[in-house]
Structure formats: structure tokens, C-alpha cells
Amino acid sequence: MSAALRRLGRLRPTGGAVVAVVIFLALYAIYAASEASAASVFGLTNLFNNTVVLAIASAGLTLVVLAGEFDLSPIGVIAIANVVMATTSVGTLGWFGALILVLLIGAAVGLLNGWLVASLRLQSLAVTIGTMIACEGVALLLLPAPGGAVNQAIVDALTGDVLEVVPVALAVIALVLLVWLVLARTRFGIAIYAVGTDAMAARLSGLSAERTKLLAFVLAGVAYAFAGFMLSCQTGSGDPRASDTLLLYMYASVAIGGTSLMGGRGGVFGTLFGAGILSVMQKMLFALGAASFYTSIFSGLIMLVAIFIGNASELLARVRRQRVA
Amino acid sequence: MNGLSVRFKKWLRPVLCAAGGLAATAGFVLPAHAQGAHYKVFLDLSYSGNVWQAEAANGIAALAHTPPYDKEVTFKEVISGTDVQHQISDLQSMIAAGANAILFYPVSGTGLNRVIEQGCKRHVLMFAYDSSVTAPCAYNVASLSQGYAPNSAQWIINQLGGKGTVVINHGVAGTALTEVMSRQLLHVFGEYPGIHILQFYGSWNDAISQEAMAKILAADPNVDAVWSKDGNWGVLQALMQHRPNRLAVMSGQSNNGYRLAMGDPTLQKKGLIGLSAGSGPADGPYAFKVMMEVLTGQLKPTGHNISYPMPWVPYDKIKVCTGDSFVNGCNVFPASKVPASFIDTSLDGTYLPELNLASVQTGAPVPGMTIQKLQPLRYEGSLPGVNCVNCKAPAGWLDPTFIKPTVAPK
Amino acid sequence: MAPRDTSTLAEPMARGRAPRVNPELLPAAVVLACAVLLIVASTLLNAGSSFVPQLDAVLVTSIFLVVASFGQGLTILLGGIDLSIGVVVGLAAIMVSTLTNGSNAAILWVVPATLGFAAFIGLVNGLGVALARVPPFIMTLASGISFYGVGLAFTTGLAQRPVAPGLVALMNARVAGVPIPVVILLGFVIVATIFQNGTSDGRKLYALGSSPGAARVLGLPIAALTILVYTLSGLCAGISGILLAGYSSAATIDIGDPLLLPTIAAVVIGGARVVGGRGIYLGTFAGALFLSALETIITVLNLSQGVRNIIEGAIIVFALLLQSERWRVARG
Amino acid sequence: MSSTPPVLEVRGISKHYGATVALRDVSFVLNAGEVCGLLGENGAGKSTLVKTLSGVEVPDSGALFLAGSEYRPRDRNDARRQGVATAFQELSLVSTLSVAVNLFLPDPAVNRAGLVAMRRLEQQAARILAAHGVSEIDSAALVGELTLGQRQRLEIVRAMFRRPRLLLLDEPTAALSDRDWLFDLVGNRLAEGAAILYISHKLDEIRRLCRRSVILRNGQKVLDRPVAEMSDDEIFRSMAGRSVVERFVAAPSAVRTDAQPALSASRLSGDGVEDISFTLMAGEILGVAGLEGQGQARLFRSLVGLYPLRSGRIEVAGCGRMVRSPRAARAAGVVLVPEERKTEGIFKDLTTIANVSLPAIDHASKLHFLNRRRERALVGEVIGDVDLPEHFLPLSIAALSGGNQQKAVLGRALMARARCLLLFDPTRGVDVGAKQSIYRMMRAFVGGGGAILFYSTELDELVHLCDRCLVLYGNRIVGELQGPALSQEQVLSLAAGHGLERAAVSGR
């Protein structure tokens, strides 16, 4: 028992992560029970297509949050990535070239954020408001109105399914999870937790808070850009405003996933399910025929429920550990 | 009489269809579709909580519960908010739920194309209203190509005599509508070197427009004219507050308060020369009606971009109504009847006789009213990136169509 | 921020000079100066304009932000945050317009009712944060999203009603040439400042924000203070919403959304620290004015929205840079 | 000796922070196999020197030499690579990471894939801990779950196991009560030829371990001599710049047996508190002794309702009902001066005066409006009793030394009109001068009829200050010593868990 707890302890799931999985499964069960097509490949493909953008973006955000900072710029990055895809992926650059380009842009914005926050020690919660606004401006300059077109090849490839069984979006999410599981085991992964928990202690232990946070922001930026790439595949076109309302839901995913917004505790695993919860809930409520305003009422309540149970299970776990120790 | 004719029509429909050709409406489909058939119809709103959307939604709901539609459809309204992903998800849910037709206000002109195609593949009628989508298989109901922007711009120029400072209240940056209109406006005004332009983005929102306008008036006191779409009510407020005795030439939406002000001689003396035009909430109900006719096989449109005639009421055409609907040319209600922010273009005597004041305010059908015969359709010209892709805009789409310059550019 | 054992360097410095004025007044002053500079700049940019009307416009249009960000500032002082402000503003505006429905008589009960409701949302946040121990970021985000849904349920299919003319007049009239909103604004700033820096409760808030652990050991009424702060934040958002409804005489449910992020920006630009314990309301006020002035100058610039955004974002970052420099010096 | 260069040579280094001089032209050498003590009051620059040597801070001027070659560490890791390891005073452990990971930070071993193999790491860690005589710490546990003492052990082991040439120990016994463990380890390192710089306030430790000692004052080296040649008085004079011998004036006991007990606890039980009963009379200083982690922390916290108990009664003079919260405790006149000064003692962003006046802030204001003159007056009444210099009042308390911060915290306790103080190791990390003030304040407090429950890691304090002393072991009271029985040896043997039977004898 205690050994099992330890193994978990190494993966550092907060109680919340487990809770998120449970809630997700529960909601999906209700959804599937009331909507026949839920379990069909069509239904699943739609579900995960709706989830994938939020999931990837939130995964990136999780890195920054774990490192003890905030980032409000993702929607700006996503917007840029989307319009760049819509304007370049068909042209000479080709979809792959365009993908590389947007990832680089994401990294660049992340680097800027990281520099402002980690090196100049500006308060991330405020400074990333600035970068977000600026990024949206850039997106508007690149594509003043919705339009452009995304390379049909990837649009079809990335929104369909593999051999009529696995939605590509699901595969992509799984890939993100895999990347995280590797990352979490690297020195950088450990450093993120250390810095996010106690920057001073981390520094005295020889970790560089600056480098760690910088890298966290850069990786996050790349993730946002990749989310923008997936969004472009969803919509098959560019729209400088497509990501406007995503931000709050990204934080909701992170929180529901059991990552502490104080930093140092949580992980991407939970976040992915947090994102899943938000989109499956929308489907479920629709299937139940609930009036649409319930969607937002419920998103709020589910967040609280998740946090509640998360805290409770955290408490239990800690008590049990103390008994063990 | 009307009611009877409809009831008549309902009985005779199969016969007519069988007989063929006699139907007043263009084309028809197999009787199987018609008699006793029942349809699942969804309305997907994006923005919500503002007058424009509320009145459009109410009008649509009222129609949906007006005989014979009340028997023919199960109608469900969904609010998707302003998030593309969210609307995509809802549309998919509707398709999965076996919708026969979906009427939606698109958040994005292009972002929904893939889900729209999904719908079309599953033989779902996809209708967008007011704002258009570029998916070829979707139907758009709008009045964009009737050139509100260039004509109103020319109208303003005429009023100003070709020179003066004009404030342009653009809508939401990054939307096709705003982009098209901006290009048209700058083109038309650009012809006149005497016109000095200030511009801001009021986001089709009265509060934001009012704040911005207040700031502009503070910064540049000699504004002679303001062009806006939605949000012009806020603009008028700002004008009345900062320059109560020197109003301006205005072109904008059709809030009841605005139309009343336009008609008010004292304000006219103070310089308020107003034009109330542009697409109104009525294009929602109109789109619904067209969609229903297509769904029930009454109608077979020859094109996908259907035109809703653009309202156009200059200050000298203001006429106050006595009743609850726009009949014999009246086009504004007395202040006692509706709030100033009520949008008059949510009613339309000619194209939507089924609706009255109560129905667009509460969503309840007009008692005893039945669906009237649809006016023959007109079609929009194509605007690349707005209602079609790889298409060409008609020559001179930047120019005014029916307002002729009264002053020569100098 | 810089990891450093203060005790080693403190004593020598400690001897001698003791700051007479609150050191946090400095950033407030700096930001305020920047705001004024912006207004002057836009005056110079526009031939026909003069300073006073510009100042008027900035002050009047900044009042919503100034009021709302007081609440935000308090929550941030406790190391928390209030993300429900935008929604509360919208709900209050809708509520006040729907319930008054154009009648001045109704104001007497509608305004208190609206404020009560706004405060209630704040109270819910406070209870969640203080008693249920939900992190503020999440609690307020969740309650914001939920109550937005409630607002939708409340407004869907409801044709808009006019705001009571009394409120409209209040926001548009002038006394002795001064716009009434400006009078309200100044009054609010004075009251708020006194509360935050001149009362025992304000002092306790600083203590709690500075060191929750010590506050706990000392037995400060932590729960009560926290609840108080979030309730006040809701209340301020409510006031802001009512003023906004009065100003634009037409309310929509999303009318407050554009206010949320600026409240945070205003507080931080004003020199507050996101983890709590630092910052004065005059700073927040200066930050709010700064943002409003920035909006003004950008509005009157003849630029595409894209360029406007880039400039605005850059200037916000720049303002924060000023702050951080100040910190380096101030913190030795 | 002279042939081989010294392990460390510090040559005239200085360090400024803004206007503040932390180190001024400090020079000394440290040879292989030598422990050198580093003494100085808080604020003398010890920690800055340590940070400079550990590569955390860069000196403004001067040079460092390691075994003859110039030593200019870029950062902590560079320092570590060159064989310099440090156990910091403010422990540098990350609470959300496991013991194993912490032990190997910043560069835990990775496999070929560049991944950290937790299992292997934990086994290694367990081996290393065992090798350093630490058996009770589970290498897989999160550091956040360890007691302060365990963390300090971990910090020390972490510094030692890499076999550094130069070992810096900054207040290593601050939270440690069985110091022999440390002394043995130090011995081993010396045997291996390491050089050790040992920073401490505790003179007996210095005398026991160090042949030589360097003394800093206001950032300058004032003394560098063999310890044996110096008298305590000499050392303290050079530390404080004035003569303060750590002398415990044997004041007559102020215990008032007539009055009802100020605080009485009966059969307190809870998680980590086993059936504890005692009575604290007015005018009494009741000591509490125990190795770390014997339940003293929880006992103290539970007395003010900060730690939930399962059963038992706590009765406070003049207050009928049970104390369930710090608030209620304060109302009843019971105030805790907690262990963690930085996080639970001071309000770091407030001025010193605000820190002190806080409990009485409502008295200092009319209708909630602050009256700063009145506040000033109220504070003026107490700062005298704790020797807190007046000119510190307007400064941010963060700018004060540990000693003065502690004085402010005690002043606040007086401000709260406490009748009964619970002092948890109040002299930790406090310089000699401040200690004296604290002792005086305690005496005065009980003299005035107050009562004090007093836990300390320094036995001589307990022995000399207390009227009685409870000894904790395994979360329960194993003995109560007073009068002649109250000696360091007795306390130690009981605290170590030997002679539980003797407890009864010396009990009453």
C-alpha cells in the first residue's frame, strides 16, 4: 500500500489528477448513456477534436504554472500560429515548413516572456497581459480578417481517425502525455518542481531559477503554437480572433487537473483530463438537453467539485503518509 | 383571408406538389418530404445578452411556434458564446443529434467550414444569418453586398458637401464584416481629399463606442460626422453629452431612440442629420423562414447567398407608428412603447408580417397568425472571403450603388 | 526577490535614516506622472484639443476601472485575486437596467438590491476562499463562469430594458463645470485610500497579506478579513457596473468583460505585489488612470487595430519595467 | 603544513549591497584537517561570507584561493565541482521533492536516455544516509513530511557525502539537539583531510570543535586566534564590541504558589502528543526539554489551538472555557512565540512599529481610524522591556537582524497583554546581546506575575532560567526536574530516553 503510494509519489500526481480522471469517466459515461453516437468513431473523433486544442495549450500552461508563474499570452500565440498557418501552409513553405515556423514563433514569444519574467523579474501575471495584447496585434496585422486556407492534407489527416478506430486527435493528446512523462523524469522536469516550490531553496541547491523558468516559458510557447497548429487543422482556415475566449478555460483545465496555481505541485497528466472534462461536459449537457446556459454554470461547479475532492484526497493521502512515516 | 389561404395551402400541398409547377414558389420536392413530416431544427446563437441577438432570437422563436411550423418542427435554441471551438462542438452535437436544419450566427466566417461540410454530408440544411460563412454548401442570409458602407459613406459626403472631419466607428477588428466595410469606407471617403478621417474600433458595442467617442470628442472637438454600424446609440449619447448644441451628421444602426432623435426637429436644428440603415435583427427570422420553406420543400433556391433587403431610413423618412407593427410606411415606435435601445429593424412589415412588437420582445408568436407566403428571393453578390472562396467580387463592389454623389471630389 | 539574507546587510543600513513618507508613494507618483504625460502628449497630438477636456474624458471613462480595481487591489493585497469582476460588472449593469426599467422611483430599491447581489457574489467567493480553502484564482474563476451562466439564464430572450434616467443623468451631468462622475471618482479614491491605509482593518489586511502564517499564530480574524475583502471586491464591481449602465444607458451582459484584465494590470502597474502584502490604493488609482489615458491616446491615433494592440502591449510592459527598476533600488 | 598551500585562502574580499557594507576586506586562511570557527553577531557578515564562498554571491573585490589556485565560483555548482560544499542555515531543501532527489540536486544521476531513475536514486540515497548514521529518514519520503531536525540532518549529509575539500557548516545545530552525531561526522571529515568552516553562535560548540576561530563584526574581521587562548569574555567583547558574558543572573524564583495556576493542561492527547499533563504557576518559568521531534512543537501549538487534540483539557486562569484557537488563546492571555520566526513570527512587509502594535491596533484607533500618535505611545510602553532600540521602529522589520526581529515579536506578545507566554526556542539564531535582553525580559515578565512555558535547544538556558523543567521523550513527559536535580546531565539522560524509571524519583 505505502509502496504503491510512493510509486505514485514519484509521479507526483496531486489528488486532483486522480479526481479529474474519475470525473471525466463519469461525465463520459452519462454522455454515452444519453447519446448513442458518443461511443462511435464519429462521436469520439468529434469529442477529441474539440478537446485537443485546449488540451495542448493547457499542457503548455501547466509547465509555467508548475514553475510558479502565470502566463496570459497563450491566446496571443495561438492566434499568431493560426493566421500564420492559414497564410503560409498552402504556399511554397508547405505544411511542414509552416509548422516549424509557428513552433519557432511560439518559442520566440516564450523566450520574450521568460526573459521579462525570469531575467528582469517582472510579475508574470501582469507582464503577460502586455505580451498577449501585442501578440493579438501581430495576428491582426498578419491577417486582418478571417480567411486564408490551411493545407488540406493536414486538415484531413489530423482531424480524421487512424484506420477507423483511433481519432488522430486522441493520438496527438497521447503523444503530448508521453512527452510530458519523459520531461517530468528529466533534470529539467525536476527543476521545474523545485523552482516552483521554493525558488530560494532551489537556488541554494544549485538550480538556476532563471534558466528553469526561461525554459518553461519557451516550451510553453512551443506548446501554444502547436495548439494553434491543431486549431488551424480544426478550422481549415485562419481567424485572428479564433482563440479569444480560450484563456479562462485553459486555467480551468489546469486547475481541474489538480495542478496548484501556487506552483510546484501537479502535472500535465491531470491537465489533459481537465481539458477533456470541459469538452465532454459540453457534449453531455447537450445530450441531456439542458438549456445552454447550464454549460457555463456547470463548468464553474465542476471546477469547484474537482478542487474540493482534490483537496480532500490530498489531505487523506498526507495523513496516511504521516502514519506510514 | 391570409390565415385561410395558408390553411388551404396546407391541405392542398400534396396535390399542388403532385400537380407540379403551380406552386408560387420556385421549384418543389417530393411529397414524402412534405405531408406530416416532422423536422428537428436548431438555432445556434454565438454572442448573447445584447439587444440585437435577443430580438433576432425572439423573432426566430416566434416564427418557430407560428402555425404551421409549430406542428412541423421541434425547435431548440443553443447559445455557443464567442468561442469557435465551442460553436464547432455544439454544431457537431446538433448534427449528431439528427438535426434536419441548423440556423446559426457564425462566430467565424471561415472557422466553421469543416463542421458545416460535415453537416452537409449528412444532409443537414446549414443556414448562416447576418454574418456569412464561406463554406460553399451553406446558405447565407445577409444584406452585406447591398453596400451599406459605400452608400452611407456617400450619403454622409453629400450631407457634408464633400469636406469635414468624419469619425469611423469600425466594428470588431478581425471580422470579415468589419474588414469589408472598412475597405469600402476608406475607398469612398478617400475619393474626397476634403474629408479628414478619425477611426476607432467600437466592437459593435454601445458602451465601448460611447467611451471611445467621448475620448475622440475631447481630443478633437470639431467632428462633423460619424459613421458607425452597431454602437451608434453609444456614439449619439457621447455627442449629446459633450456637444449638446452641436450634433453631427450620423449614419448608423436603428435603435428606436436613434430614429426618434433623427426625427426630432429640435435635434435636427442642432445639427443631427441622421441615417438609419444596415442589416437588422430581422434577417435572422427571415433566414429561418427561408430555411423552413427549403426544408419543407416549398422552395428551391438557385443560389446559396440569399439577400435580405437592407433597411434604409434617412432622417426625412422617419414616421412614427401608432400600432404594434410597421404598417403603411411607419418605421419607429413612440418612446412610450419601447426602450430607446430597441432595434426597429427587428421588424419588417413586408418580409415578416408574422412578427409584431411583442413577438420580438418575448419570443411569443402573434396570436392567430400563420406563416405568410414568402416574397420571391433575391441573391447577394459574391464577396471573396466573406460569402465565398476563390470567387470574384463584382466590379465596383467598393462603390456606392444607389446613392449618387451630389458633390464632386475636389 | 533577489535571494539574499537581509539580516546580514540590514543593521548598518538600519542605523540612521528612517523613511518619513510611505515608500510606496513613489511608484504611485511616477505612474501618475506618466498618466499625465500621456494626456499632455495626446493634447499636443491633436491640434484642436486642450488639456482640461481631455483630462475630463480620461477621468470619466476611467471611473469604472478605478472603482473595480479597488476590489481587485484588496484581493491581491491578500495574495489572492478576483477573476469574477468582469462578470459581476456585467450582471450588475443588466440587473440595474432590467429592474429599473426606466423608472427613477425604482432606483431607490433597485440600486441597493443590485449592490446586494454583487456583494453576495463576492461573499460566495470569500466563503469559498476563506472557509472551503479553494484557491482564490480558481474560486473566483469558477464563480465567475457559473454566475455568467446564471446571467444568461436571466437574460436569454429578455428584451433589453432602459436604465433609469436618474442614473443616466447622474453620469452625464456636471456640478460647477465638473462632471459628476469625476466628483464620485475623487470621493471614492479618498474613501478607499483611508480604508486601506488609515484604518485598523486596513492594517490587518496588510499584515495578513504579508504573512498569513504569523497572522494565524497571532490569531487575527483571517476568515473574516478574507470574506470582507472578497465581498468588498464584489461590491466595487457592482458599483462599477451600475455606473457603467448609467453612463451608457444600455447594458449588455458582457459589458464588463473588457474590465477584468485591466484591473489586474492597474493594480500591478501601481506597484502592488501579486503575492500580497504590498501596494497602496493610490498606486492602483494611478495605474487605472494610466491605462485609461493610454486608451485615449491610442484611440485618437489613426492606426489599424493591430498596431494599436502592439503599442498598448509594449507600453504596459514598459510601465512594469519602471516598477521593477524601482524595486531593485528600494529593496537594497 | 607550510609546504602545502592552505585549502582555502580568503584575501581581502569585500561585498556591498547598495549602501550597505556586508563584508569589508576580510582575509584568513584555512588548512587541511582543520576546523575553523566563524563567530559573529547576526549581521556581522557570516552568512554573506558563506554565500560568497559557496558561489551564491560574488565578492565586489578581493580574491579567493582554493589549494593555492585562484577560486572564482560562477555559481553553486561550480563551487561544488571544485570541492566546496555548504550546509546552509536557511535549509536549502525543496519540500515537494523526495529526500533522494534533494540529496542529489541539482544533478541527480540520469540513465542513457537522460532520465532520472528514481528507484536507483532512492537506493543510493538510503545507502548514503545510513553511512552517515541517519536511519530514520525514508529516502522516498517527501522532504515536506520531515521534521525540522530531520531536514537539518539531510542538509548536513547532503553537504558532507560528496567528500568536499572545504566544508561550510552555517549554524548546523540550530534545529539539532543530539549534536554528537554532527561532531562525529565532523571528526570523520577531518580525518579525511577536509577543511571545515564552522559558523555558530554556540561557544561551547566552538570550543569543543575548533582549534582556531575567526570573529567578524560589522563585516570586518576583528579577531583570528586559537580558541584556547581566548576567554569567553574576550570573545564576546570582540563579537559585540562590548562586554556581555552569557551570564545567567541567579534571580530568586518568582513562583506564586498561592495563586491559581496560570495554565494547566490535563491528559492532553493527540497525534504526536501522548497524555501530557502539567500545571504552570503564575510567576513561573517552566522549561521543556527534549531532542527534536519528541512532540514539543505539537504540544506548544496545541496549547493555543493551532494543533487539534483528541482529548484533554487546557485551563487558563480567569478563563473558564477550553482554548480552541489562537484568537481565543490571546483573549485568555496566552501567546505563542513560534519556532519559525521568518514565516510565523514577523510580518515581513510591515514596519517594526506596525509589527509590535498589531495586537493592540484596535485600541490604537477610534472607530477603526488609526491614531498613529496613540499607536506610537502604546508601542513605546513595551519596547523598553525588550531593549528594542527606538530608531528601528519606522523601518521595515525585514531590515532588522534576527535578534531585533525576535525582540519585536516578544514586544508584540507583551502588547497582546499576555499573562502566559509560550516561548519556543526564542534564542535560536539570535546574537548574544539579544539573548541577554530576552533573558532579562523573561525574568521581568515572571517577576510581574506572568508565567512562561519555555522550550529551548540550549540546555544551559533551561538549567539556568527555569524553576522546573519537563523532559519530553516519545511525545510524552518522561520526567520533571527541579532544584539540584535540574542539571544538564539529568536533562540529557532523560531526554535521550535512558532512565525512564528515574523520572519518577525526581518527579516530586
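Per-chain numbering from 1; labels A, B, C and D assigned in written order.
Quick note on the criterion: a contact is a pair of C-beta atoms (placed from the backbone, for glycine too) under 8 Å apart; a residue touches a chain by one contact, two chains touch by 3 or more.
Remember, predicted model here, so these are calculated numbers, not experimental data.
Looking at chain A and chain D, the chains in contact with each of them are C. Of the two chain pairs considered here, C-D and A-B, the higher C-beta contact count falls to C-D. Distance from chain A peaks, on a Cα-centroid basis, for D. We define each chain's centre as the mean of its Cα atoms; on that basis chain C and chain D are separated by 42 Å. Mean C-alpha position of chain B lies 37 Å from that of chain C. Mean C-alpha position of chain B lies 75 Å from that of chain D.
Under the contact definition stated at the top, the residues of chain A that touch 2 or more other chains are 139-140, 144, 200, 203-204, 292-293, 296.
Residues of chain C in contact with at least two other chains: 3, 152, 156, 304-306, 308. For chain B, the set of residues that touch two or more other chains comprises 79, 173-174. Across the whole structure, chains are in contact as follows: A-B, A-C, A-D, B-C, C-D. Of all residues in chain B, those touching chain A in their complex are 76-86, 88-90, 92-94, 96-97, 108-114, 134, 172-176, 178-180, 385, 389.
Against chain C, the residues of chain D that register as touching in their complex are 17-22, 42-48, 51, 56-57, 89-90, 218-219, 304, 306, 325-330, 336, 338, 340, 343-350, 354, 358-359, 361-362, 364-365, 368-370, 391-395, 398-402, 405, 412, 416. Interface residues of chain A, counted against chain C in their complex, comprise 72, 116, 120-123, 125-127, 129-141, 144, 199-200, 203-204, 248, 251-252, 255, 260-262, 291-301, 303-304, 307-308, 311.
Listed in rising order, the residues of chain C touching chain D in the complex are 3-16, 18-20, 194, 198-204, 206-207, 209-211, 213-221, 277-278, 329, 332. Within the complex formed with chain C, the chain B residues making contact are 47-51, 54-55, 57-58, 61, 79, 170, 173-174, 197-201, 205-208, 210-212, 214-222, 233-234, 237, 241-242, 339-342, 360-363.
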